[in-house]
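Each chain gets a letter, A, B, C and D, in the order it is written, and its residues are counted from 1.
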Amino acid sequence: MSTYGTLFRVTTFGESHCASVGAVIDGCPPGLQLSAADIQVQMNRRRPGQSDLTTPRNEKDAVLLQSGLEHGVTLGTPIGLIIRNEDQRPHDYSETDLYPRPSHADYTYLEKYGVKASSGGGRSSARETAGRVAAGAIAERYLKLAYGIEIVAFVSSVGKIHIPVSETPTSVDEEVDDAPEPLSEEFRNLLATISREVVDKHPTRCPHPDTAERMKKRIVRAKDAADSIGGTVTCVIRNLPSGLGEPVFDKFEAKLAHAMLSIPATKGFEIGSGFRGTEVPGSKHNDPYVRRADGSLGTQTNWSGGVQGGITNREDVYFRVAFKPPATISQAQATAQYDGTPGSLAARGRHDPCVVPRAVPIVEAMASIVVMDLLLIQKSRQAAASLLPPITTLPATMVMPPKV
Amino acid sequence: MSTYGTLFRVTTFGESHCASVGAVIDGCPPGLQLSAADIQVQMNRRRPGQSDLTTPRNEKDAVLLQSGLEHGVTLGTPIGLIIRNEDQRPHDYSETDLYPRPSHADYTYLEKYGVKASSGGGRSSARETAGRVAAGAIAERYLKLAYGIEIVAFVSSVGKIHIPVSETPTSVDEEVDDAPEPLSEEFRNLLATISREVVDKHPTRCPHPDTAERMKKRIVRAKDAADSIGGTVTCVIRNLPSGLGEPVFDKFEAKLAHAMLSIPATKGFEIGSGFRGTEVPGSKHNDPYVRRADGSLGTQTNWSGGVQGGITNREDVYFRVAFKPPATISQAQATAQYDGTPGSLAARGRHDPCVVPRAVPIVEAMASIVVMDLLLIQKSRQAAASLLPPITTLPATMVMPPKV
Amino acid sequence: MSTYGTLFRVTTFGESHCASVGAVIDGCPPGLQLSAADIQVQMNRRRPGQSDLTTPRNEKDAVLLQSGLEHGVTLGTPIGLIIRNEDQRPHDYSETDLYPRPSHADYTYLEKYGVKASSGGGRSSARETAGRVAAGAIAERYLKLAYGIEIVAFVSSVGKIHIPVSETPTSVDEEVDDAPEPLSEEFRNLLATISREVVDKHPTRCPHPDTAERMKKRIVRAKDAADSIGGTVTCVIRNLPSGLGEPVFDKFEAKLAHAMLSIPATKGFEIGSGFRGTEVPGSKHNDPYVRRADGSLGTQTNWSGGVQGGITNREDVYFRVAFKPPATISQAQATAQYDGTPGSLAARGRHDPCVVPRAVPIVEAMASIVVMDLLLIQKSRQAAASLLPPITTLPATMVMPPKV
Amino acid sequence: MSTYGTLFRVTTFGESHCASVGAVIDGCPPGLQLSAADIQVQMNRRRPGQSDLTTPRNEKDAVLLQSGLEHGVTLGTPIGLIIRNEDQRPHDYSETDLYPRPSHADYTYLEKYGVKASSGGGRSSARETAGRVAAGAIAERYLKLAYGIEIVAFVSSVGKIHIPVSETPTSVDEEVDDAPEPLSEEFRNLLATISREVVDKHPTRCPHPDTAERMKKRIVRAKDAADSIGGTVTCVIRNLPSGLGEPVFDKFEAKLAHAMLSIPATKGFEIGSGFRGTEVPGSKHNDPYVRRADGSLGTQTNWSGGVQGGITNREDVYFRVAFKPPATISQAQATAQYDGTPGSLAARGRHDPCVVPRAVPIVEAMASIVVMDLLLIQKSRQAAASLLPPITTLPATMVMPPKV
């Protein structure tokens, strides 16, 4: 449904042609200093029309805070916010409405709800994500101020063009155990240092300059062909405390996967070594422990992607999300009407040929929301456990004092 | 946490060395004819020690139904069930306990809970999944009887050895739009017809005989090397009604991804074209609509994997789950103790060199639970909408009568 | 927190001096014909300033629908709505702010959140209920159209002045089993026939004319004394289907009690015979079954208040809610400041001397939300069970075919 | 449904004639030293057959812990527990089964689920509460060890026989504002000091000796008449921290009311002054603040019952729960069969003539579960807020540093 989270709860509303889209953020810690401008930064990054690679509609997307703050401080009560739609009229039905757009949500929304919204797929529009981005910006402001957590996403592939992640090509000989090498030094550095400023330097939001230029050409080629193309977004979360994630059903990666696959047009998720890691023997895939400079325990490699047993281990979390090519294309497609009549459909208007550049802040937002919620749950456990008398029946090495 | 679902709620409990593991299944429709034997079938498929490819422990895993049924009929009240642990004593701490096993949950469980279970990773053990499999078997019995829904998973890769899914190799030339071809006729046939009987014919649970044999060798090789290897499980869901999935946060694929990534050792999920689909232009990736023999609307291809806009469209759902190589291996690993002291750890006992064959019924179980829950929610909507007076303010073509 | 419900989910936001209060209603059945005017009726009944018995602020309270409808039909997507606050500025702190108002939420909100909202008790203001009333109006429109369900609340007492419910005075002799007689014929008729039109005929919203006049005087006396007075609201729900309520924790009366005690200023809840029924022997309290005119089973009396075992039985549900006297009074009170300094506080401004007349639509709204949510859950069960093959292992008399 | 709570989640299962009843307690803080004996104390108090005032069945009710602990310490993972049923066979259907017992759940369970359990009302039996009591005992062990919280319930009335709460009789003259006087010194002392040991001294569990003797006679009279009688249970919670309760829907009293009305046979709930408080003018009902000996703020009186605005204020919480007379009585009742045929029903077997003595530990259990859950949520907020930089934009008096 349209609410996400246990203690940090985000509820969104709104579709393309209604009065406004928006969100209610419940459970935000009180005492957080927050302004509309803090939120607007990410809203602007999500907004269409930022470059000639995205759809030229300009929705402005100003966030209007309704409640939950006074004098720039959160009260701990729900934060309501709205973003007005520029075009608030349901459009008139036309012949195009007789066709469910192939691979779009028109057909399934009608099957599910029995009522066809004028926009077709109702809430399936990317417009819906505005509320999520605003909510995510609030979460990440807390995470930054309280923990110094950094969440940065970037475009890692468009079509067949990928940022290189490994130096050594993999042998195709299945008898050979070379298997994928760990991530290249260069890619690990990228994960460790990448900032949003760097990501935004190129309109593709790919921080690898050569690759970015090739991606740009690929998107332009799709656009020129009235076609579209998919891609992937990679996201890194740094400075996460250990202990986040709630086994067995709400493991850190399970919540992340849920959140990511709830973003329109996503088809896949992988964390750490992901699908590639399935080809690696355990002896190479395991991340050995080492003592860090500060005396704490870390891992030498990070195939795990910052999670073990569904719980964060204080290493960086990184994951990748697959976005399919946008379904709405303006070239003619042979398809059928709702009643089965065969025909040809060409979508009107202008559409994003590739969503991944705009998906970057949405991925960051959903990651922030997930981290925030799991962090609040773990803080509760630690605070509660810290009040108990010391455990006397277990060896001291089997016990670790709670962190509050 | 340990409860999953909104209307069909599964709560599991238990770890490796306690009295029993089990589950409470709340919200099962009343009037379902169900016996322990119906459940045991899948329990047996999950059980270790079924072939020399899996760990030889024999846990028997008999399901003991505690409540919720009388005379073989579900009452609509919670179904409690337990599966006794054979070894119920927490083990004695030894020197090995000073080491968190690399890439295992030992370290993160201690960080999270502050107490080290004798089994190390507490609930992270595969033992925990017994309760899920039992719950899934109940769900799928309903789905089979009420809808004829079929859920079949199989091993699609071990290490680098994959069932072939496409006939045409993809050009590596990024300027060329050949892009991945649709799934091969052979693979589509496999998805359309595969049964558990066929899957179980080979100990790897790979239904592609040549590939299965190569997989087997690969697993034996890992075992002989005191090492482990990962793999993927593919699952198909057939005869699903349309309309399942609850946008925006509980889209069908989002719930599936959540459920799959909550299974131990998983690192990735993709549905339909998945990561591969990101490389395909929209014009080739879109699934055109066609009128089916029964007059209803279907799609010609199924890159979407049975979902559009987060809602099922009545085509087969298929998805793939990545399992990393098991972390517990008996070869020595250079690593560090909890306190940072460097050393070498070799796990005692015998361990699965590869989890994917045993993961097959777990994937099926989690898929069943997700489908069941989303189905119950959609039935509610349809039943409720069917009681309303007809809509008079919308054109007839924009409205579809509710299905009950 | 600020979300209520499982399938019909209401999330509210807003406090006294923010931009707007509002609600998001998720899970409303699609295809419901609904206008802002349908909602406004109840908003107007909740609004202050309707008579000289309530606070003279005039907030207008126009509901602005933001999403979830097109052409006057619900889409099945979340309905967002806002109601602007007339006074949107947080007020300036003054000496009064040094005092937590006795029995108000000022102190507890500061203890809980650590931040003092300018309005003191933040969301504890009755202003917050505007969103609930709007949400309730949507629920009850569905309930009316689909089931003919009627939900009517009225003021049953103000101070010591009560609508008479029983003709026979109870013996105070504890040895005598006369015990409270069942409700008087007159009161049962009232429950069976009362309408909102009749309720609204008197400014007290008490439908018993003599009692209403005495109540009015009592309220005026409180007002004149710069004091306040409490009262009770009784609510009846008619035409409810049987089978609503989800044991064991979400019994019909448990959900109702939860909803009612979440309304500001409430201190008690009772259903059917309530506290009075504890004094009656079982032989008199039990409601014998009888065959109704339509052949179905009903009960001769209705001490149960329409629920048995936490599930509705198709008899009228009636319950009573206790509202304490408003805490904010303008006469001086000896109390202490936040820092413990003793002093005297007299609240500024004008305040409701008695909340029960305005509480009537709020009680109706919360009742509607509870019924709606439980109805959707039960519809799901019935629809799901109806698809199963007939039960063969139980005697026919022990089975009842599902109702869809 | 059968799960209660957000962070401390209790899921129960089981009915009268199945293999076992039990519970899964998820979210218990790790590191709690706990034994089966800690739980058994309350199980024994709930058990029938403890005196000749309750049903003589002896179910023993030994709690068998299944998971979540090792070496007597909670691991933070779900605690599974079962209590075997002595009589595990569904009984044979007889003529009595043709009659739904008046005011029992037989009829509504069949209406709801469409299947008649052999025990009739399925989960409506008091047997179901065994799991709750076990779960509550775990919660209260934490609350005791971490906070010194004390939760004590006792029987405050049976039939018309009440523990006196006020010394001054109330004028029936509605013009007179004497109104109910605050609780008598004696009753306030009772609330402040009552212990379970004292409560258990009398078989009625009424700690007021004279009243207790009269109650006993009243129960015996009901028993001798093959009849039953209701009563009330009052419960006090001492040493609660301030700040518990989650407005607006999950106010402390709303959660309590929900929990209490989910107990079988309950018909009402009131907190603090409750229904009586509705008759008192605000000027007398308000609780003035005073500085306590330790410098903190307290209230002089406690009409509020420890909550204001739905949040605890550190004063004692006290509330009262109404239990109807048990529906199952062995005297003959004129009623109708399921098919409407009139007839006479006399229940077989022996039944509790009055449930309130046995309800005492159930009320305590549910109160413990509610407090535990709300406490965990508030600890999360406080811990999260404590990590934020100090608020600079608000006057110092408007801000209170978070408590961790």
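Basically, contacts are C-beta pairs under 8 Å (C-beta built on N, C-alpha and C of every residue); 3 or more make two chains touch, one makes a residue touch a chain.
Not measured: the values here are computed from a predicted model.
S.K.: Could you work out the angle of the rotation that brings the CA atoms of chain A onto the matching CA atoms of chain D, rounded to the nearest 5 degrees?
M.R.: Fitting chain A to chain D on C-alpha positions yields an angle of 180 degrees.
S.K.: Could you put a whole-Å number on the gap between the CA centroids of chain A and chain D?
M.R.: The separation of the two C-alpha centroids amounts to 44 Å.
S.K.: Using mean C-alpha positions as chain centres, tell me how far chain B is from chain D in Å, no decimals.
M.R.: For chain B versus chain D, the centre distance works out to 40 Å.
S.K.: Quick one: chain C and chain D, Cα centre-to-centre, how many Å?
M.R.: About 23 Å, centre to centre.
S.K.: Two or more other chains in contact with one residue: find those residues in chain B.
M.R.: Residues 1-3, 12, 27, 30-31, 71, 73, 76-77, 112-115, 122-123, 247, 381-382, 385, 391, 394, 399, 402 of chain B each touch two or more of the other chains.
S.K.: Draw the chains as dots and join the ones that touch; what shape do you get: line, ring, star, complete or other?
M.R.: complete
S.K.: Given the complex with chain B, which residues does chain C contribute to the contact?
M.R.: 6-7, 27, 29-33, 71-73, 76-77, 142, 145-147, 247, 375-377, 379-385, 387-389, 391-394, 399, 402, 404
S.K.: Residue numbers of chain A touching chain C in their complex, please.
M.R.: 1-3, 9, 11-15, 17-22, 24, 26-27, 30-31, 64-71, 73-80, 82, 90, 112-115, 117-118, 122-123
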